[in-house]
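Going in written order, the chains are labelled A, B, C and D, and every chain counts its residues from 1.
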Amino acid sequence: MIDKVVTNVHEALLGIEDGMTLMLGGFGLCGIPENSIAELVKKGVSNLTCISNNAGVDDFGLGLLLQQKQIKKMISSYVGENNEFERQMLSGELEVDLIPQGSLAERCRAGGTGIPAFFTPSGYGTEVADGKEVRVFNGKPHILENALTADFAIVKAWKGDVAGNLIFKATARNFNPMMAMAGKITIAEVEELVPVGKLDPNEIHTPGIFVQRIFQGLYFEKRIEQRTLRNK
Amino acid sequence: MIDKVVTNVHEALLGIEDGMTLMLGGFGLCGIPENSIAELVKKGVSNLTCISNNAGVDDFGLGLLLQQKQIKKMISSYVGENNEFERQMLSGELEVDLIPQGSLAERCRAGGTGIPAFFTPSGYGTEVADGKEVRVFNGKPHILENALTADFAIVKAWKGDVAGNLIFKATARNFNPMMAMAGKITIAEVEELVPVGKLDPNEIHTPGIFVQRIFQGLYFEKRIEQRTLRNK
Amino acid sequence: MALDKDGIAKRIAQELQDRFYVNLGIGIPTLVANYIPEGISVEFQSENGILGMGPFPFSGEEDADLINAGKQTITALNGAVYFDSATSFAMIRGKHVQLTVLGAMEVSENGDIANWKIPGKMVKGMGGAMDLVASAENIIVAMMHTNKKGESKLLKRCSLPLTGVACVKKIVTNLAVLEILPEGGFKLTERAPGVSVEEIQLATEGKLLVEGEIPEMNFN
Amino acid sequence: MALDKDGIAKRIAQELQDRFYVNLGIGIPTLVANYIPEGISVEFQSENGILGMGPFPFSGEEDADLINAGKQTITALNGAVYFDSATSFAMIRGKHVQLTVLGAMEVSENGDIANWKIPGKMVKGMGGAMDLVASAENIIVAMMHTNKKGESKLLKRCSLPLTGVACVKKIVTNLAVLEILPEGGFKLTERAPGVSVEEIQLATEGKLLVEGEIPEMNFN
């Protein structure tokens, strides 16, 4: 067994430098690496390119890095619900590459999988296809999309073991598994760090081979973006 | 909940006709749909194109269909351990398309995923690349591989529920999940068919949306190809 | 009388068929789940990673780890399953989802749709919409017939950046149900109760095709 | 004296480094797992879907659902994980596996390898070998220096259909350890105990580079 445990978030994020490309798991505020984002703010690294489906809200998630102007470029599929983001983007302070959600997921997976490019119908005929090769398969036009990789991928899991095997909870899984595959170095923060042998090998979502560092997160606010309820 | 249960293997395989393309899960004899293979022999359908990583052994697995000359073409990665197969192939009775195991897995996944083609380094410079487009990414040549789909995909799972959600056991998972995605109609035979709600939604390997028919297998020989032991 | 949002959702719910897997977009489409016709089984997929989505939770039972693509807290039904985003779009791109219902800012008479960007003003991103419209065999747009300024959203050509080309088959608005013909044009098939063909014509900039008597929507 | 298969495996085991994920092919490579140097942690991947492969099971404990890529019954170590074939080759193609050891019928002096087909005679298929050699950064070939007829397997050019081009970096045979130079050629780095450079030269058809004194393999 190869031990991936680091003692804290500070150690986990060693080596992240200005100008690097990071992938961050999560969908909205669900399944985001809260401990690592806080540490990135504390570290003050800047000029980051962040690949993340969303950009958080003004005062949580990646919004915290946006406030500190640490992000140079965002690669996302949906960035609503964040006024500071919209301001920086419309003013041109922030570069933004918006790509279809399915293509984002597949491009991250491709990056981790050694597939440099693939054809997809998503985005054909739209500005997403600008400058991209178009080819018809089965009578339908497709565009060629390239793989995405990152210097560091930072993911958040529910449970993880010492060997880096991860299990996510419910819809907090989302982009985390693909990004875990696509990071040159992948960091996992977990709600519960367990000894090897504690996780059923049949129930693991991300095999430890994709994870280089794992640590026990100290706090998880797990903020809810849209608390919607029904009446009893 | 959409109920996918059919009462038996006969009903499950209705609609499979001469000349069709089938995908069959399994690696060697591990995780193969034994009940369905027996029924295919009984049905006597012929001129089949079978996509399966292996071709069974002479008297088990797909070897049973080969004996009856029901297979016109095999698409596989490794076909050793089967004399009748080798005989039919070398004599030209059987068409064989051998493709790298990773490309086979990825091509099935692509077929189920709406990705018509992707680039891979596997097979570049070999006869696998004959007639295929070559393109260099990051200084390394890759070949373009197309998606595979099938009229029917037949998979074998450990547990499955009425909605078609599947859990595989250990290394019997292998090609089953990708093939389940790539069948126009996907049939799952399971060791244990359970009511909905019995499987943890976090532990399912193949979501029921990929499965059109599910049935309780009646017997599973689960033959071991290479029984290797160590001494106490 | 023109329909309200629930009326639109209710009419779209009539399009659900037994054994359909359905993806509902944010806004009006989400409401469709409240009006599933009796006697049929459908399952809702949300592209952030759940199949078998249930109703909103009761107070105190909400779980930050269990949301839909609109980031709303939800519940999971018996038989539900969670999966990652790549698998989710495998379902969508691979045509395993039978029906997609989504909102739009504009639809053109050849089935183009625009719903993700107003240059220089609003740029929220396309989310999963481009994948959904590029792949679904069966797309219904749920929207108001006109925008806040009273301008038609059913156009000859979309003025906004496109989400997808020639993909919309059916539109349900507060005024009407319309099909988009393969050769182009909005074919009027139903009127909202009490809404006249003239009103619909007035609110439609693109080519409207009216053949024979147009029935009112039936909500029985 | 030339090495036996276990000797080759033992020598290759010295190439294992701490924290390596390793894929071992069928045959001699499988034996490498028996000689892991003390004090290092490595994990074995088998491409049919397991990471953390353990030794063969005791009699009565074998499980038909738990095999390796050679279809042999195995066990799983603590911390093991099972996965599907697409994920398995994601590990391989995505360069997450640090070392691949596999057998060969022929290797050429520019690093080409042939190990899956003898036209008209033997066609077992490439299995995962083409993916492994196309992707691994670090490939060691484990094989006998000559075939059953006594002909060299280290050639100027492979005569059999290729498995991969210019990919092999190191070869360990019953006679020697050799590195393949970027500019081509087999550079002799170690001799099997008691085997002379002349014997190795005689058994090598391709260009053999011998610089200075060639040490014997060290098995301490």
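Convention: contacts are C-beta pairs under 8 Å (C-beta built on N, C-alpha and C of every residue); 3 or more make two chains touch, one makes a residue touch a chain.
Since the model is a prediction, treat every value here as computed from it, not as a measurement.
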item	value
Chains touching both subunit B and subunit C	A
Pair exhibiting more inter-chain C-beta contacts, A-C or A-D	A-C
Chain at maximum distance from subunit A, centres defined as averaged CA atoms	D
Length of the line joining the C-alpha centres of subunit A and subunit C, rounded to whole Å	28
Centroid distance [mean C-alpha coordinates] between subunit D and subunit C, Å	56
Centre-to-centre distance between subunit D and subunit A (centres being mean Cα positions), rounded to whole Å	36
Separation of subunit A from subunit B, taking each centre as the mean of its C-alpha atoms, in whole Å	32
Residues of subunit A touching at least two other chains	106, 109, 113-115, 120-121, 168-170, 201-202
Interface hub residues of subunit C, defined as touching at least two other chains	50, 76, 82-83, 86, 89, 92-93, 135
All chain pairs that touch each other	A-B, A-C, A-D, B-C, B-D
Complex interface listing, subunit A residues touching subunit C	27-31, 53, 76-81, 86, 89-90, 96, 98, 100-106, 108-109, 120-128, 158, 168-178, 205, 222-232
Touch list for subunit D against partner subunit B, complex	46-50, 55-59, 62-74, 76, 82-86, 88-89, 92-93, 112, 116, 120-121, 123-131, 134-135, 161-166
Of all residues in subunit C, those that touch subunit B in their complex	19, 21, 41-43, 45, 50-52, 76-83, 86-87, 89-97, 135
List of subunit B residues in touch with subunit A within their complex	106, 110, 113-121, 135, 137-138, 142, 167-170, 201-203
Residues of subunit B touching subunit C in the complex	1-3, 109, 111-115, 161-163, 165, 181, 196-197, 201-202, 204, 207-210
